[in-house]
Amino acid sequence: MSKSALKSTIKLKVRFHECDPLQIVWHGNYFKYFEEGREEFSKKHGISYLDAKKNGFATPIVKTSCEHKFPLKYGDEFEVETTFINSEAAKIIFHYKIFNSGKLICTGETIQVFTDNNSELVLNNPSFFLDWKKKMGLIK
Amino acid sequence: MSKSALKSTIKLKVRFHECDPLQIVWHGNYFKYFEEGREEFSKKHGISYLDAKKNGFATPIVKTSCEHKFPLKYGDEFEVETTFINSEAAKIIFHYKIFNSGKLICTGETIQVFTDNNSELVLNNPSFFLDWKKKMGLIK
Amino acid sequence: MSKSALKSTIKLKVRFHECDPLQIVWHGNYFKYFEEGREEFSKKHGISYLDAKKNGFATPIVKTSCEHKFPLKYGDEFEVETTFINSEAAKIIFHYKIFNSGKLICTGETIQVFTDNNSELVLNNPSFFLDWKKKMGLIK
Amino acid sequence: MSKSALKSTIKLKVRFHECDPLQIVWHGNYFKYFEEGREEFSKKHGISYLDAKKNGFATPIVKTSCEHKFPLKYGDEFEVETTFINSEAAKIIFHYKIFNSGKLICTGETIQVFTDNNSELVLNNPSFFLDWKKKMGLIK
């Protein structure tokens, strides 16, 4: 069913205040980079947090993870590759890879769900999300 | 008019992720400490951001400053002394002093204003704020 | 000597600047809470990042994850329960549970490794770490 | 002596995690934007934190301030204009202006000093800094 994966890439640079006393990016800050990756993906592929909001949904994150291979340091320029993982569940799953000059720095994942105006979990995919998937060729 | 200054003190500890590659607290993070000082003051003296909200007001910060004498390092235990500066203007002014074992680390200031439900600046002191000032003996 | 898991608990409070426009703690900030949990554990059980440093090691984080059940909001008081997971590998593994008034908010994990003064991965448990484990009754 | 002011401009975008429950950028985060402005200035005009380090100096911030006119919101694209303020003292002074579509959002200032390898304050301008000033036509 699913075609080749939808992806986006964004170039970022490590800022001074993101580094810790070990002279490397503090581990929790990678989730900021993933967020930027997600936003770039949304912009490129026409879906966003504000779209969800317009349709009455929030998309809170229910799971995050990050596996580190190498550290990033102050001034490093790197790429965040964000891949949409197509799932039948009412979830938005992204995988992330961060590269520094071609070297894999870390991999990560976020899982988001849909909640309605009463902050209740939505168990079926909202129609605006299914429409987007169709447009992208991810479902028929 | 004003009696002796209203103050509060809170003890905090420098956390690892608040420090930068120079092994000291990153300068912008002092405004987090001031925020904790402000919250401790509000708790102790019975006024808070949520009180303002209940009365239809937000209290955005319009001015911040910080002057550094000495750095704080990872693990340092320090005190934030927060002083309310009584002013006739419709403003909430706090001064801050951070001490590490009695040594003055930095001083700071924040100025907040009142905005109404339409995010418009409120030029006169809201009655809930005047009531609080009276209760505290800051005005008659 | 003691079998049952080594644990610590620390009480914290959600600060304003840790919350996002959805009025909840931004997901990446939970790793700050885990860090505070880890520090409390280290203090209570006599092992710390500074101990490692004194012995010539850094303990970079190589894996983090967090699974969210419920959000935390501004002003919420909560507990971080940190549990040391005993492993034969040269790793420091912690599991975390955050509770708000007894309700499980999220669970998480961090895995740290040891690197030497040349930032090289250390494959065997450093002796200062084995000594600590013995003292804690985790190994014989 | 001084010619027209040395400036730089960088375009940035407000990220989700930089916003607070009032739906606006949290006030302490403007110092991150100023830091990016400073780095862009350094890159454009050939002087940087790493230059200072290479010459045995650190350049800790001793004063920061920010005055807010309007808030920034999630997704806003804005410009940070960084201006070097030429001073005879052994200080690095920058003024900042943030604009959103031509509207002045805030102004700010940072003051840095030089410290040597012993973290002692340096009272005279280091020669690498004077060389840079000469090259820039700020002094003869």
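Letters are used for the chains, namely A, B, C and D, taken in the order the chains are written, and counting of residues starts over at 1 for each.
Assume a contact is a pair of C-beta atoms (placed from the backbone, for glycine too) under 8 Å apart; a residue touches a chain by one contact, two chains touch by 3 or more.
On a predicted model such as this, the values are computed, not experimentally measured, just so you know.
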Chain B and chain A - chains in contact with each: C, D
Which of A-C and B-C has more C-beta contact pairs: A-C
Same-interface partner of A-B, chosen from the options C-D, A-D or B-D, over half of the pairs matching: C-D
Farthest chain relative to chain C (centres taken as mean CA coordinates): D
Same-site or different-site touching of chain C by its copy chain D, using the half cut: same
Distance from the mean Cα position of chain C to that of chain A, given in whole angstrom: 25
Chain C-chain D separation of Cα centroids, rounded to whole Å: 35
Centroid spacing, where centroids are CA-atom means, of chain B and chain C in whole angstrom: 31
Sequence positions of chain A contacting 2 or more other chains: 16-17, 28, 32, 35
Touching residues (chain side chain A, partner chain C) in the complex: 22, 24, 27-29, 31-32, 35, 58, 60-68, 71, 110
Complex interface listing, chain A residues touching chain D: 15-17, 32, 35-36, 39, 49-50, 75
Residues on chain C engaged by chain D in the complex (per definition of touch): 16-17, 19-21, 23, 26, 28, 74
